[in-house]
Every structure is written in C-alpha cells, then in structure tokens.
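The following pair of complexes shares a single chain, subunit A, combined with subunit B in the former and subunit C in the latter.
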Partner chain A sequence: MSGLSRLSIKRWVGLVLLGLLLVLAVGEPLLLNGDPNKQNLSAGLISPNVQYWLGTDQYGRNMLARIAGGLRISFLLALFCVGTAAVSGVLAGVLAAWQRGWIDITLNFIANTILALPGLVLILIFAALIPGSFAMLYLAISLVLWVEFFRVVRALTLPVISGPQLQSSQILGFGPVYLFRRHIWPAIRHDVFSLAAFGAATSIIAMSSVGFVYVGLKPPTPELGLMIVELFPYYHEAPWLLAEPITVLFMLVLGFHLLADKPQ
Partner chain B sequence: MAWSVGTLTFVLVRSLPGDMAYKIAAGRYGEDAVTIEAANAVAQELGLNRSALAQYTDWMWNLLSLDLGNSLVTGAPVIEEIRIQLGYTLTLAALAIVIAAMIAFPVGILSGLKKESVVNKTALVSSTFIRSQPVFCLGLLLIFCFAMELNWLPVAGFGGPSYTVLPVLTLALSLAAVSNRLITNNTRRAVTSGYFHFARVKGLSQRRAFVRHALPNILIPTLAFMGIQLIGLIEGVIMVESLFAWPGIGHGLSHAVFARDIPMLQGTALLMGTLFVLVNALVDISQYVLDPRTRDQEQ
Partner chain C sequence: MIVDLVIKNLVIKSESQILVDHLSLTLRGGETLTILGETGAGKSLLAHAILGDLPDGLSVSGAVYVGGVNMLSAGTVQRESIWGKTLGMLPQEPRRALSPLMKISRQIAEVGRYVRAKPKTDAEQSASQILASMGLAQDKDKVPSQLSGGMAQRAAFACVWETGCQVLLADEPTKGLDSMLRDEVISQLQSFAKQGSLLTITHNIDVARQLGGTVIVMQQGRVVETAKAEDLLSSPKSTYARALINADAHNWTKLPTSTTAQSPLVTATNVAVKRGNNILFSNFNLTLAKGEIVGLCGPSGCGKTSLADALLGVLSYQGNIDFHHSLKRHQKLKLYQEPPNAFAADVPLKRLLADVVKQHKIAGAPLASLCDTLGLDASLLERTATEVSGGELQRVALLRALLLKPSFLVADEPTSRLDLITSEKITRLLVDQCRAMQCTLLFISHDHIQLSKVCDRVITLEQCAKR
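What follows is the complex of A and B.
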C-alpha cells in the first residue's frame, strides 16, 4: 500500500508541475499580453526586473513572452503528436490482434521498418524534406510514437481476445464496440496512458533536439531548443537567459515523466 | 533490415514535394539563383528524368557495390567521408558504453542490495535529474561546469585526448542514468528470489551465492534491455556529436540535413540504421551465449 501512495504522489507532483507550466503558457498572452517577437534593440540583455519578469534577450525581446510562446508550441506539438499516435496506434494494435492474417502481417512489417531506423534519424530526415515546418515535425514524431502504441496494444490485446470472457460476450451477441469498451480498453488503459505521457516527453525532447541542431523550426519562432542555441553566445553576459529555456524544458520533461509513472 | 532502411530513406527522399532537381539546384546555387536551365542541367547530370523504378534499381545496385555517390557539399565520395566519421563515432560510442557500465553496475548493484541506503536514494534522484533533460542540455551543463567555469577541459572540437572527456562523459551519464535503475530492480529481484535464499540456506557465503546465482540473473535482463537502449545511444550520438562538434556520423548527419546534402544524408542515415541493427544482433548473440535457457529451446 505504501508503494501505491508513493507512486500517486509522484503523479501529483508531475500534474502540478505541468499545470503551472500550462498556466504560464496560456495565462501570459491573456493577462500580460507580451509579444514574443517584438524587438527593442535599446533594451537588450536586461536582467529580470519588475517590467520584464524574466529579462530580455539580445534583441530586447520579452523573455517571459518567449518562454510562454515556447511552452505553447511544445504543449501543442505534444498534444497533436500523442493524440494522433495514440488513436492510430490503439486502433491498429487492436485491429491487428483481432483480425490477424494479412492485416497483422502488413502492420507488423510497417512497424518493423520504422523501428529499423532510430527515431531521431527518421525525424531528422523528415525535417530535411521541408525545413522549418511544424507539420513535418508533427508527422515524423507521430510516426515514431505510433509504433510504440501499436506494439504494446497488440501484445496486450492478444490474450484478451483469446480469453474466455471476451469470447462468451461475443457468443451472447455483443458488438465490437461493446467488446472493446468492456474487455479490451480496461486491459490496455494504464499502459496507453503511460505511453502517452512518455510520448509527450519524447516529442518535446525531439522537437527541441531538432531545434538545437538548427534544422527544426526557424527563428524567430520561440521554440525552446532554438532559444537555447540562440542564447548560447550570450552565456557570459547573461547566464540567466540561457538558464530559462533549459529550466523550462527540464520541468516539462520531468513533469511528463512523473505523470507516466503507473501504479503497480 | 538494412534493405528496409535503405528503401525507406529512398522513398522518403524521392517523395519530396516539389521537383527534386529544382531542390538540389537550389541547394547548390542558392534559392534565388535557380533557373529552369540549372534545374534541367542537374536533372541531366544525376539522371533524374528516368522512371522511379529505374532510379531505384540503379541506386540499389550502387549501394551493393558500396557506391553511395558524392557529397553535394564537398564533392568527395560519401563512402570516404563516412569511413572517416565512423571511426570517430565508434570511439565515442565504445568509450561511452564502457564508462556507462563502469558507473551503472556498481551503483545499480549497491542500491539494489540495500534499498534504504544513501547510494540508492542519491542514484534515484540523480538518475531522474539526468533523464529529465535532453542529452544536449546535460552536455551544456557539463560544458558550463568543466569548460567555462573551471577551465579544465576544452569546450568542443577535436584535437587530443582532453577533447574526448566531455562528449564521452555526457553520453555515458545519459546511458548510465537509465541502466543503473534497471540493474537496481534486477538485483533486488535476484536477491529476494527463492533460488538465492536456497543458495544461502545450503551454506554458500553471501559473496559466493551472489556471484554464482544472482549475477547471471542480473546480467541477462539488463543485456536484453541494452538492446532497446541502443536507440538512446544512437540518438545520443547524434546530439552529442553535434553539440561538441565531434567529427562523427551524427555530426555528419545533422550537417547533411542542414545543408540538404541528400547523398550524404542517405549515407549517414543508412549507416546509422545498419549500425543499430548490427549492435542489436550482437546483443542477441551475447544473450544466446549467456543464457542457457535460450539454447535449450533450440534443441
């Protein structure tokens, strides 16, 4: 029991952490109305003060607004990618386990082909096709995440489908939607949730990594990885500036990792 | 597997929206200077006017004879560039794996043996800390700490042994952060198991029981997981090499993406994939050697 309560505390911490970041991401444009791209060259590299809570960068752009903008992009990307990957992965996994035959073989072949390339390589190739495109990143990351969902859901669904509970429901004449909701979904729910939280962390890391090697979204987009590279030359003048996107990125990933912790 | 990697990169690159020749011409002469003539010249030179199938068989044939074409940026054959880069990458990866093992095994086994010890708690907190950031952030932190504040080590580049310390350490730490927790769990499972208690009861010393009965059962699942973790290693290699300007394949790959150097991109991606598959196979083989159960199944 003590193990269970400790785990749920972890989840709570993750949830609170993400909640705070979400408030910052959504609240900043509503309440403070900062523009992440508005330059003020005479007010560059200001330390945090009453007017600029997080200071300004080398072009005098409001760092609070930029951090909030970066958070919005990260959250949006994570939401899109995980949503797409989870829905398609669960559907494909259940379909493969249920139908077997050529559908199973085809889907497995696709999954294995994608798995043969490390995820980041695939994402980099996609990023190379159309540089600076959010849609390409979204597509590539979803494609990488999808495989995880597919494999786990397929493995978990197989025993359920051949189990006596589902088969007796089937004999009683219940349709596939009922069977999925009553028998399959409860068996895969926890793992799908964990995978989703991990997937969110992975997609955020992937986007910042691609931004960091300068092939992701293009400036002046306030993307966290890109901000880290851009602020790196100003480390000696303004170390706090560089610390801001790093800290936020760290909190984001930590939050999702804590949230992914599933009760045993 | 290597075939599927190759075909995948081929299909992806060929499915570029827009005209391929036009894109390459844009990469060579700049976006503004592209004319229809330039694009046509490129198409002629590279044989892009032929059917996709002809190009594909041609490309496969070249691949089999290890001809990956020439880099669009340097003009040198891709295979030559990759051969040079591969040595650097393998050095980096091998050193990182060795150091990661040297950190992860002692820490993991110690914290697995004593659950309430300081070692276990420190390991848990620091592993969570390291895992919660992208590899490049960890590298940046190490750069700030050891290169910019303490001035002990060079920031980046490649010139001598001192240049290898930070990249290797970054990669090793990120690998060890994951595997030491796994070793902890496996150790705990092994020493609380029935067979371990039995070994103790029949009179073996703690040390002997551990080496003979617990250690193999810790190693096997850890090794199996290492195979999965290799994805992390390959991705780590890309990021760490880019960050430290380490002249390896990962650096080559991210530069090829940045410069839209398609042959180079295909070459490096292909090699990364092949490397990934190869090391996975190595893990499977060592699994087979270490675990008598897998051999019994065969017979």
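What follows is the complex of A and C.
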C-alpha cells in the first residue's frame, strides 16, 4: 500500500467507520472503566442518559460497556481468524501453484471437500463440539476462510509462475523468497487484502450467528449475536436496546466491506 | 466509381505536443501509397484521422476528404455510410478482429448482408465463393480458434474483400507476423491494389518495397520525403530516410566473424521437446563453441524459444545437453523478445539492478561505465520498466546481463518488436559486447538476412512444418 492518499472514498469511509468502532472498543474500558458483567437489578432497562450513554439491559448492566466488550471480542476474533486464514491460504496457494503435482492435487482435494460443506454448518458442528469455546470458533472459522485465500492465490499465482518475468529472475539466479517478494506478492496483494477485509466481516457474522442460536459463546460474555438474542424479549419495552448491538454489527460488517473495495 | 482520398494540411495536437504536423497527401483512385515511419511518427493517428474516429482530447485542424466527404467534420451517420462501402480497413491482428464464436463463412456472409445489403442467400453464396478463391473452402465451418494464423489472416482479408470498398486502409498489416505470413498478406494487398486504392501504413521497408507505388516517409508527425518506391528505397535523399533504409537488415554491412577454432561450450545430442502431446522438434544436435555467435532461424511456432529454454535449463526435454565447463545458474542468461517481460513491474530499474548486484555480491559493479557503453542515460534507471521505451529497456536488459559476465547468452528475438534504427543499434551492441566478453551468443530471429549479417554461422530449425 503506497500511502493513504491513494485510497478510494469507499475505503476511506470504511476505514473511518472501523476506526471509530475501534476507539469505542478500546477507549471505553480505559476511559470510562465500565464493567460489562456488573449487574444492578434495581436499574434495569434504563433509557440512555448521562450516566449510561447507551442505557442498561434487563439486569441493569451498562450497555456501553457491553457493546465495547462485544466489539473487542469481534475484532479479536476477526484478527485471529483472518491472520491464520490469510497466512495459511497464501502459503498453500503459492505452494500448490509452484509445485503442482501431488501437492496441488492434495491441497485442492482438501479445499474442495471443505467447500462442499456449507461454511456455517461446519462452524456450527465445531462450535457444538465444545460449546462456549472461543478457540473452537476461531479454529472453525479459520478452516472455512482459508479456502478462499487458497483458491484465489493459486489462480493468480499460476500465470505468474509460468510467466516470463519470474523466469527471467530465476535465470538471473534469484531464490524463491525474492521471486515471491518481487513477482508473486505484487500480483496477489490487492486481492489478498480485499479477501482479508471480506473475511473479517464473514468471521464476525459467523460468530454472532452461532451466538444467536446459542451454540457460540456463553452468557454472560458480551458477544453481539448473543446480546441480540438476549434482548429480543424486551424489544417492546426497550427497542433501543435491541437496536444497539444490531447497529454495531451492521456498522462493523459495512466497514469491512467498504474497506475491501479494490483499487482501480 | 473512382474515389480519391485527399488530406489537406492535417494537424493533430495533444495538449503537450504536435503529433501530426501539416500533412497533405493525395491518393487517386487505383493508386498505391505506403506510409513508412517508426513508432511514434504519428502513423496510427493518421489512420484514425482518415477513418474520422480520432480519440477525444486531441485538437485537429485541416481536412480529410474521402470521395468528397470531410471525415473530420462529417456526422456519425455520414461517416458510417463511408465505412465499409467506400473505405475499408484491414485490422492489425486479424485473429482478434474476427468473432471467436462464429463460423467464418457466416462472418463473411454478414458483411455482404449488412454492409452491402445483399439478400441472405446471395450473401451466403458469395461468402463461399470468396472463401473458395482464398483456398478456405474446406474450412468455411470453422471458428477462428480452429484456424492457423495464416488462415485467420486470409479470413479477415475475405471480410474486407467482401465489403467491395474502393479505398483500403491497412495499418501495420504485417506486425508480429513471420516472413511466410508476411508474404501472404503482401500478395493479398497487391491483388487488392489491382482494383482499388491502397493506403498501407508500415514500419517495414520490405513491405514498402514489395507494394511499390508511392512511398511517404514520416518522422515525428512530419513528411520527410515523398517519392516512387523504387527511387526512394534505392536512393533516399533526406538524411532520415537514408538512416531508416540503411538500418534495414538487407543493407547492413556484414560484421567480421571469428574463424579461430574454440573449445566447445555446450553440446546437445538428440534433444526433443514436447509441448503437451505435440512434439516441437526431435533428434536435434548442436554444438556451440566458446565465444561463438550463432544465429537460430525458423518460422514462428517451430520451437526456437523452447530449444533456447531447454539449453538454459528452464524447460524439461528429452536427450542430452552437456556443458563442457560447469557454469553457474546466472552465467547462462537470456534476453527476451518483449523487454517488459524481463522486469518486475512497478519497481525502479535501479533497484532491480541493485538486487542483482547484491544477490551475486558483485564488487564495484561497473554500472556507470556500462551505461556509457550502451548509450544509456543513467537517470533512466530511476524509472520503472513500463516508463521507458522498448529499445531503452532492451539496453537495460543487456546491461543487467553484462553485469553478471555470462558465458552463454540467449537472445530470443531481442529486436523484433523494436524500430529498425534501434534494432540495428541494439544488435550491434549485443554482438560487440559478446565478442568482447568471449560470451557464446545464441541469437534467435525469424529474419535469416539479419542473422547472416552478424553471426558466425546460422542454423535453421524447420521441423515444425508437419505440425
């Protein structure tokens, strides 16, 4: 990426949106020191006011602290999942395109097998194995995500590998690290970045989806999907409460999708 | 009906420079005119001006009359009524101009039906006739991907022929074609010239010579010289035309060859290379001596590049290739036909050269002196491969190769995409440098004459005929 000035408007908006959410996620515990799990049953379902900026839920928990907590979990999960999926997907894709033969066949077989299963079902199965485990969710989502990196990187790398530019560097005596850095990475980096942004959105949606059907993280963890389903019964008395995690989730996903915009 | 093409005081300017400068010419009905010039001389813009479809953002003055209609000021409908019926255009790369999905007989029938408004059955009939006259009767139901380059070329020409136009505009009709195909295109153009006016735009002197008629030499948007083909090509008056014609391989002075026997560097015995299930060549034997300069000739697609890649050890082959001295990987190098193919894009050339110096720990790399020898401006190296011209980039490629002091260098048609004058300079530089370094050079080209002027000996790869 050469400088922020070349970012498109779409990406700028996405970046600002995500930046604001990140400030909320990190700033809230540092500055306001709210505790997402501290109950106060006599102060339930309070509308937003000076003390509770986003109000309180049915147990009188500070919603601002809970939303910030949910954001932290979402960002962290997205970071871990995308990091793992991108690194392993890029490595596998480049390896498959470079070596061809049985390595390529094996990796393609694994990727196609995973693709044949609906991603969310796979994540549900993993999540159901050890309910409430962050590690299990991370593993399952990464497993689904890396396939896209693998397939795209492999397809983009194939023509580079057989192309004359890489051959010319090979003839000049350069090793695989140089060939990757100079020839393969420039050809794939924009797509890897877009995939990473989409992947972040996908992993956040996936986690909240399994939270929504009670298979994901367990209460009282302030996870966005879980919060939505917990606040569902109160939508009549306190609609703003239900709207809060939904809005934040929407903004997160929108932010990542805008960030994925490919430069011209 | 006789249609004249008259251009009066045509000036085309971009924001920063004059691209075509006060150009006037007249092509009377039935005449043949060839415009000769290098890349950047404004030839293609001229073709667009004649068609009346110049790109936006250029300011134009003057007039281009085709049969009395000024193409520069005429409206779209009027211009379209001229296209096809009066003024035909032979596309540069015929395969790309044909629809990849439609049978060629239908493509030609469509020309008759929609351009000349013939009834469907008449159009189909005349399409088969014209295909038969071009020797494509057997292939009328094929789509372009099933045709060879020459057949596609003929099919595209059949489309133009079917329009029945009086003026034919051929913009670089031979670009990227090997000599066999080139001759075919020229004979097609010659047969057209018997019944209509022909305006050919080319950088190839052979084409101009064979087409005859009048030749106009253009340089940087200006007409340098106008004369009959035979006069101009045998005794050019202007300095530029003389330089251009001298740079034609026919007119090169033969470089001195080395006759002293040298020890062999590499021996290939019974080498065969396959591409898919296709055997490109087999039972190929070759010995290259140290410091020898050998030309490798043959029509396109016969496996010249594959042979070179096999010798360089980057393509798998059957048979034996033995180097008599053990060479390191980076002492066997290659120059590419299209110089941008040899450089990573978006990285300054200077950094790519520094990469090479660092990788091989070349102490005190003689960058500056090599730049001098090759006539390169050192400031050029600050740019990336896409920001310099093909000729300059090929010099940088040569410079990079020379840095590594190679023992074996393959030059794969290094000048076929370059202008004549540049091409001659680069060829001389290449041969001189290889002689100076005692480096064995395998010079690949489809132009036998060019090779015979600079090489110690020329070998021909011909097995491809039975593909």
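Definition applied: the second predicted complex is superposed on the first by the 257 of 264 C-alpha atoms of A that agree within 3 Å, B and C clash if a C-alpha of one lies under 4 Å from a C-alpha of the other, contacts with A are read in each partner's own complex, and residues count from 1 in each chain.
The rule is short, and it goes like this: contacts are C-beta pairs under 8 Å (C-beta built on N, C-alpha and C of every residue); 3 or more make two chains touch, one makes a residue touch a chain.
These numbers were taken from a predicted model, which means no experiment stands behind them.
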Q: Assess the superposed three-chain arrangement around subunit A: do subunit B and subunit C clash, or do they fit?
A: fit
Q. More residues of subunit A in touch with subunit C or with subunit B?
A. B
Q) Who does A:Arg182 touch here: subunit B (first), subunit C (second), both, or neither? A) second
Q) Should A:Ala96 be classified as contacting the first partner (subunit B), the second (subunit C), both, or neither? A) neither
Q) Which partner does A:Ser209 reach: the first (subunit B), the second (subunit C), both, or neither? A) first
Q: Kindly classify A:Leu117 by the partners it touches after superposition: subunit B alone (first), subunit C alone (second), both, or neither?
A: first
(Q) I want to verify one number. Taking the Cα centroids, what angle sits at subunit A between subunit B and subunit C, in steps of 10 degrees? (A) 90
Q. So, does A:Ile228 touch the first partner subunit B, the second partner subunit C, both, or neither?
A. first
Q) Is A:Phe174 contacted by the first partner subunit B, the second partner subunit C, both or neither? A) second
Q. After the superposition, what is the least C-alpha distance between subunit B and subunit C in whole angstrom?
A. 6
Q) Just which bits of subunit A does subunit B share with subunit C as contact spots? A) none
Q. Where on subunit C does subunit A make contact in their complex?
A. 312, 314, 328-330, 332-334, 336, 338, 341-347, 352, 355-356, 359-360, 400, 404
(Q) Going by the contact rule set out above, which residues of subunit B touch subunit A in the complex? (A) 1, 4-5, 8-9, 12-13, 15-17, 128, 131-137, 140-141, 144, 148, 231, 234-235, 238-239, 242-243, 253-254, 256-258, 260, 265, 269, 272-273, 276-277
(Q) Quick check: in the complex, which residue numbers of subunit A touch subunit C? (A) 163-165, 167-174, 178, 182-183, 186
**Q.** Touch list for subunit A against partner subunit B, complex
**A.** 112-114, 116-121, 124-131, 205, 208-209, 212-215, 225, 228, 232, 235-236, 246, 249-250, 253-254, 257
